[in-house]
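What follows is a group of structures, each given as C-alpha cells.
The two complexes that follow have subunit A in common; it is paired with subunit B in the first and with subunit C in the second.
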Partner chain A sequence: MRNLNLSRLSKPIILVAFVVTLAILRPSSFLTISNFANVLWSVSVIGIMVCGTIFVFLLGGIDLSIGTLAGLSAVTVVEVIKNMGATNESVIIGVLAALGVGAAAGVVHGLIITKFDIPAFLVTFASQMVFLGLSMVITNNQIVSAREPVLFTAIGSMKVLGFPLPIYLMLLIAVGSWFVLSKTTFGRGIYAIGGNPVASEISGIQVKRSTVLCYVFSGVTAAIGGIVLAAMTQQGMASTGTGYETQVITAGVIGGVSLLGGVGTVSGCIYGAVLMGLINNALNLLSVPSTQSGLVQGLVIIVAVAFDALQHQDQSRRKARRILGRLGGDKANESPAA
Partner chain B sequence: MSGLLLETRHICKSFSGVPVLQDVHFDVRPGEIHALMGENGAGKSTLIKIITGVYAKDQGELIWDGKPVQIDSYQACHALGISCIYQELSIIPPLTVAQNVYLNREPRKGPFIDYATMEKMTQKLIDRYDFPLKPSALTQDLGMGQRQLVEILKGLSSDSKLLIMDEPTSSLSGKEARSLFKIINALRDQGVSIIYISHRLEEVYALSDRVTILRDGKNAAVLEGDQITPKVVIEKMLGKAMEETDESSKLLRLGEGEVRLDVRGLTDAAGRYRDVSFQVHKGEILGIGGLIGAGRSEVVRAIYGIDKAAEGQIVLDGRPFAPSPCSSIAAGIGFVPEDRRSQGFVPLLSTVSNVALTNYDIIHKNGLAISAVDERELGKRAIDKIDIRPSDPDKEVGLMSGGNQQKVVLGKWLVRDLKLLIVDEPTAGIDIGAKKEIYDILDELASQGVSVIVVSSDLQELIRVSHRIIVMRKGSVVREFKGEVVTQAKILAASQGVEQSEGNAQ
Partner chain C sequence: MKTHVKQTTLRRLISLVMLAILVALFGVLGGGSFLTPGNFSEILRDASVVGIIGVGVTYVIITAGIDLSTGSMMALVGMTMANVYAYTALPIWLMIVIGMVVGLVAGLINGLIVARLNVPEFIGTLATMGVFRAVTYLIAIKDAHGVIQSQPLTVPEYTVLGTSVGPLFVVTIVMALFIAAGQVVLKYTRFGTRLYAVGANRKAATLSGIDVARTRVIAYVIVGLCVSVGAIFTTARLQSTTALLGSGFEFDPIAAAVVGGVSLAGGSGDIVGTLIGAVFMATLENGVLKLHMNTAYQYIIKGVVIVLVVMLDALYKSRLERASRERGAQGGAEA
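Presenting the complex of A and B:
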C-alpha cells in the first residue's frame, strides 16, 4: 500500500481543493466545459514545453533559452508561410523548419555543454540572447502576421469534441515523454545520470550522448510551443514566447521536479502547469484586479509548493530517522514499524 | 590526576522504539589511546554522537573529569575540550588550509580577520606535528589524504583534551597513515586522550592501550595490553569463534590454465602507470597490491575502459579488445569502482533500478518498453544472491548501510554472465560480516570459472582472497607472488621498494 501514502496524494488534494473552492464560489462560470477547455488551452504551451525540458531538469541541467527559442520558431514558421504565399505546403515546410531550428539549437547546446564542460546555465543564458537577436534580425523587429491558411491557424484553435487542438497536442507529448522516461532504457538512464553521472558512466550509460539528446528534446518542445503560440495568436514576432522559460521552470518545480536532477515526473509537471492555469483562472473569475494578480499568484504558488513540501518533509523526516537509526544499529532499519 | 577523563554510565538510546544502545559503559583515561570497536551497527557512531552532543541520550550519565555534565550541542562538547575528526570530511574546498583550520574561530584585528596571524598560527601547528601542508594552499588542490590531514589539524588546533578520530586513515596512503600514527602517539605522550575508531584491525593492535568492544548495542568486552589480540577482538566483535584466526600468510597458487585476460605494456599518457603487463587466468583471483597512488586503480580503470591507455594492448580470450564501459559490459567484464559513494551507485534510485542499470540488455522488452516484471525479478535475484538487506527491492540505495550499498554495486554484476570481474577496494569501510560475504562471493565466482582482479590496500584481505598477487609501485609492476608462501611483510616490503628480508609487517 506504499503507493497510497499521503505525500503521493498531496497534488491531487491541492487540485481538488482548488476546484471545489472555485466551484462553490463561482458555480455558474467555473463549472463549465468551456471554462475547463479555456484553462487547459491557456496552459497547453507551458505543458508542451515542460514535457521536453523535464529531460534537462532530470539531468540536473537547465534550459533558459526555451522562451526565446519558441520565439525564433514562431518567427521561422510565420516567415516561411508568408514567403511561400500562405499555401498548405508552406505550413508543412514552415513547421518542419521550426522543428529543425529547435532540434539544431538542442544539438548545439548539448555539444557545447558536454564538450567544453560549461554550465548549462551559462550556455543557455547566452543562447537565449542569441535567439532573441536572430528573431529580431529576421523580422526586423516587426510583427509578422499569419492569418492564413486555415491549416495553420487550426493548430492553435481548432476544436475537437469541445477542446482546442493544443490540449490534445499537450496530452500526446506528455504521454510520449512519460513513455520515454519511465519505460525505455534511455529514460531510466536519464534518472541515473541525474542521480550520479560517474556511476552511470561506469554502468555503461552513454552520458554525453544522452545529455545531448535531452537538450534536443527540450529544443524541439520549445519549437512546438512556439509554433502553437504563433498559430494561436496568428502572428510571430521576436518577443513571442519571452518569459516562458520562467513559467516552465515554475510548472516543473510546483510539480515536484528537483533542479538538482534525478527527481521529477511528467505527470507532476503537467499538474504544475494546470495548477498555474487554475490560479490565473480563479483570479479572473473572482475579478481580482490585474494590479494585484501577480502578488496573489506568487503567494498561491508558495502555499501550494509549501503544502506539497510539507508532505514530503514528513516522509523525509521518517527517512532521516531511519538513517539515524541505522547509524546506531541495523535493527532500527529492519523493524517493521520503521 | 589519576581519575578518568570521561566516563559514560548506563547509556541507553532507542530510535523509534528500537534500542541501539543498552546500558553501555565506556571510559577514557587521561593520556590513553582507546579504540572503540564493533561491527557496523554495533552502536559505535551512536555512542560517539551522544558524547559529542549530536544525539540526546535516553538514559544514563556522562561524567567529565569527575563531574556529571550535560552535552547537548557540539559547542558544549567543544567547550569541555573534546574535538571530533569526522570520517565525512568537513573541509570546504575553495578555502585555504589556514582558513579551514580556523573556520569560525579566526583571529581578528578589530572587526577584520587577521590573515597573517592566522597563517602563522597554522604554520606553527604544521611544524609541531610535521604535516606536509602549506597554510596558504587551497584545499581543493590537495589530495584526499592531505585533506584528511587538514581535518586532523583542525581538531588539533583547539588544544583538546580528548580527540575522537572516526576512521582517520580511510583515505590516507601508507606513509601518511604512518606519520599519523606517530602524531597520535606523540599526542598521547603530551597527555591527550584519543578515542580511535577504525575498521583496520592492524591499526588498532598497533596503537591502542585499551579496546572497548560493542556488540548489538551492548558492552561486549574491554581489553587491555596483552589481552588485545586479533583472535580475541574478532571473537568478541562477532560474538563467536573465528574459523580462520590467522590470515597473515598463505600458500599461493601457480597461476596456470587458460589465459582470460592478457595485458601487454599498458602505459598512461600522464605517466601514472608505465609498461604494465600481466595475465589473468580462467577461474583465478589475481590480487593487485601496492600503496595508494601506485597506479593500481588507474590500470584497472583503463582495462575496463573508463580512461584510455596511451599505449599497450588488452587481449581478452585471445582477441584484442578496445575497452569502453559499454563494450566491456557487452564482453562480459564487470567493474566495482574504488569509491562506491561517488562512483558505484545512484543513491536516489532503488535496488531494482540500480541493478537494472547495467543489465538492460538482458531485461525483456515489449517493443521499446522495459518489462517492469522482468526488471523486478532481476533486482530480487540480486538481493537473493548476495543477501542485500533490507530485502525490499524498492528501498533507495542511498538509505542503506555501506556494506549493503556495496552489495548492490556487486549484485548488479552477479545477475549476468561474467568472464572477468574487477573489484577495486571492495570492502573499504564495511563491517566484518559483510566483508566475509563478499569474499565468499568472489571465491564462488572463481570456482565457476570467472576471472577476478582484486585491488586492495588491506593486506589481510589481499592474502585472504587472492590466488596470485602482483604488487605495483610507482606505476610499474615490481613483484609477482605465485606458488610460494606470501606474508603481509613481503607484500609491504615490495610495495615500498624494500627488498624483503625476514622483516616485520608492523
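Presenting the complex of A and C:
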C-alpha cells in the first residue's frame, strides 16, 4: 500500500519537477503566454487522440494508423471546404466527412481484427500506409490551405477564457471517455477483455462487438485530432499527423496504460498527454532538433513497457507459486497459462 | 505429417500463382516496357535488398516476433559508414566491417529489449525504429550551418557493389547466397529447428530445453547483419546516403514474408517463400512505375495486398482447423 501511494504521488512530482526545471533553464521563453498556448495545443491534440486510443490499449491491442488517419481526416476536411467554396456549410460537411472517415477506418480495423483474428499491429501498420497513400492521391501531394472561413479556423485558434478551444474539446472527450469506461457495462467489459478475453467471452461479454467499437473510438478521435491539426495550421497535407501514433503511445505509457491490456485510466492518459506536450516543448526550447524526439519517445516507451512487463511477470509468478503451494507442488518456475 | 507437407506445398503454389498473375497483369497493361529481360533483371535487383533483409525478418517472424526497425537501422548503418568515409582515412573494407558491426549491435539491442526485457516485439521495435532514426540524425553529416547533407560515397571500390555482372547485379548474386544459406540454416540445422519450435509454442520449447530468449536474440542479431548488408548495397547503388534512407522500408520485408507464406503467428514459413514475396513486392513497385501511376498508389496497393493475404491465410487456417476437428482427430488429446 505504501508503494501505491508513492507511485500515485510520483506523477505530480515529476510534472512539477519538469515545469520547474524548464522554467529555470529557459525562464524568458518558457514562462510566456504564447509558449503556454503552444504547450496546450500540443497537449490537446495528443490528449484528444489518446482518449480514444486508450480503448484499444485496454484491449491489449494497438492502433498504429492514427497518425496517418489524422492526416487523411485533415486532408478530407480541407478538401471539402476548398471544393465547396469555403462556406460555413462546407465546414460542417467537411467535419462530418472527416469523422465518417475515422469511424469507417475503425470499423474496418475492428472487423478485420475480430473476424480473421489477425494481429492488430499488422492490420493498422498496413492501413497506415493505405491512409498515407490515399491522402497523397487526394491532395496530389500538395499542401491544401484552408484560411477561410472563420468557423473552421476558430476550431484551432479561438480562445475561451484565455484557453484555446481544443483544450475544451480534449476535456469534453476525456470526460466522455472516462464516463464510458468507468460508468457503463460496456466500459467495464473493456477492462475485463483486456485482462482475460477468454473469461470475458464465457462470462457473456460480447468481445467481438466491443472490440470493433474500441477501434471505432480510436479512429474517431484520430479524425478529431486531424481536424484540430488542420484547423490550427489552416492547412492539410498527407504528412499532417505523421508520428502522432508514437506520441500517443508514449503519452499512454507515461500515464500508466499497460500495452499488455487491462490497465489504464483516462486521467492517466491526460497526464501523459500533458507531460508529452511539455517534453515536446522542452525539446523545442532547448533547441533539440525535432528529429531527436524519436529518441526520447523510444526510450520512454522501452523503459515503461519493460517495467510493466516485469511487474506482470512478478504477479503471475506469485500467483503461480500460490496455486502450486496450495496444490503442494514444489516447483514454481513457470507461470500458468495467461 | 503427410497433410502438413501438402499444406506448405499448396501455400507455395499460391504465392507463385499470385506472382504469376501480377506479372501477367503488368505484362498486359504495361506492354513492351515491362516484359523485357532488362526489366526483369531490374526487378530482381529491386527485390534483392528486401530478400537479403527478408532472411533475418523471416527468422524473427518464425519465432512469432516482428521487426519494425529495419528501415531506420538501414539509415543508421549507412550514416555510420558515411562518417567513417568522410572523417577517417580507413580503408573501404574496414568501413564496411564497421557498418556491419553497427547492424549487429542494433540487432542485439532489439533482441535484448524484446527477449530479455519482455517488451512486446512490435512495441519494442517501434520504439527502436524511432531511436535508430534519431541517432542517425544525430550523427548525420552537417555543413557549417548545421544543415544535414547527403553524403556522397563515390569511391569506385565501393560503388562496384552497385553494378552488375552480365545480366545479374552483384546484389542479386549476394541475395541468392543469403537465401540459400538462410534456407539451409533454417531447414538443416539445430538452430533452424529451434526457431520453428520457439515460434510454434514457446512454453513447449522451454520445456524441451531450448533457451527461448537466446534463440530470439540470435534471430534479431541476424536481422541486424542482414540489414547492414542491405544498407551497404543500397548506399553503394545510390552512391550516397541520407538520414532519410529506408523510411518506410520496414514494411517491405514483412510484406514479402507474409506474401511468401510465413505465418505471423510463428512456427511456419521459409526463406524461399520470402524470396517469392520479395520478387512479388518488387514487381508491384516496378509495375506501378512502368504504368506511370502516382507512387502513392504503391502505398495503397501494398497495404491492401498484405491485409488481403493475411486474411486469406487466416480463413484457410480456420477451415483447416475446422476440418481436422470434424475428422475427430487426436486434437482433443493433444491440446
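As a working rule, the second predicted complex is superposed on the first by the 257 of 338 C-alpha atoms of A that agree within 3 Å, B and C clash if a C-alpha of one lies under 4 Å from a C-alpha of the other, contacts with A are read in each partner's own complex, and residues count from 1 in each chain.
The rule is short, and it goes like this: contacts are C-beta pairs under 8 Å (C-beta built on N, C-alpha and C of every residue); 3 or more make two chains touch, one makes a residue touch a chain.
Because the structure is a prediction, the values reported are computed rather than measured.
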| item | value |
| --- | --- |
| Contacts of A:E201 with subunit B and subunit C, given as first, second, both or neither | first |
| Which of subunit B and subunit C A:I301 touches, first, second, both or neither | second |
| Partner chain(s) touched by A:F179 [first = subunit B, second = subunit C, both, neither] | first |
| Which of subunit B and subunit C A:G262 touches, first, second, both or neither | first |
| Subunit B versus subunit C as contact partner of A:Y191, first or second or both or neither | first |
| Overlapping contact positions on subunit A, where the subunit C interface meets the subunit B interface | 334, 337 |
| For the subunit B and subunit A complex, residues of the former touching the latter | 13, 15-21, 40-43, 45-46, 49, 55, 216-217, 304, 306, 325-326, 328-329, 335, 337, 342-349, 353, 356-358, 360, 368-370, 389-390, 394, 399-401, 412 |
| Of all residues in subunit A, those that touch subunit B in their complex | 2, 179, 183-185, 188-189, 191-192, 194-196, 198-206, 262-263, 319, 321-335, 337-338 |
| Residues of subunit A that touch subunit C when the two form their complex | 62, 64, 112, 116-119, 121-123, 125-130, 132-134, 136-137, 140-141, 238, 246, 249, 259-260, 289, 291-299, 301-302, 305-306, 309-310, 312-313, 334, 337 |
| Residues on subunit C engaged by subunit A in the complex (per definition of touch) | 66, 68, 113, 117-120, 122-124, 126-131, 133-135, 137-138, 203, 206, 243, 248, 251, 254, 258, 264, 294-304, 306-307, 310-311, 314-315, 318 |
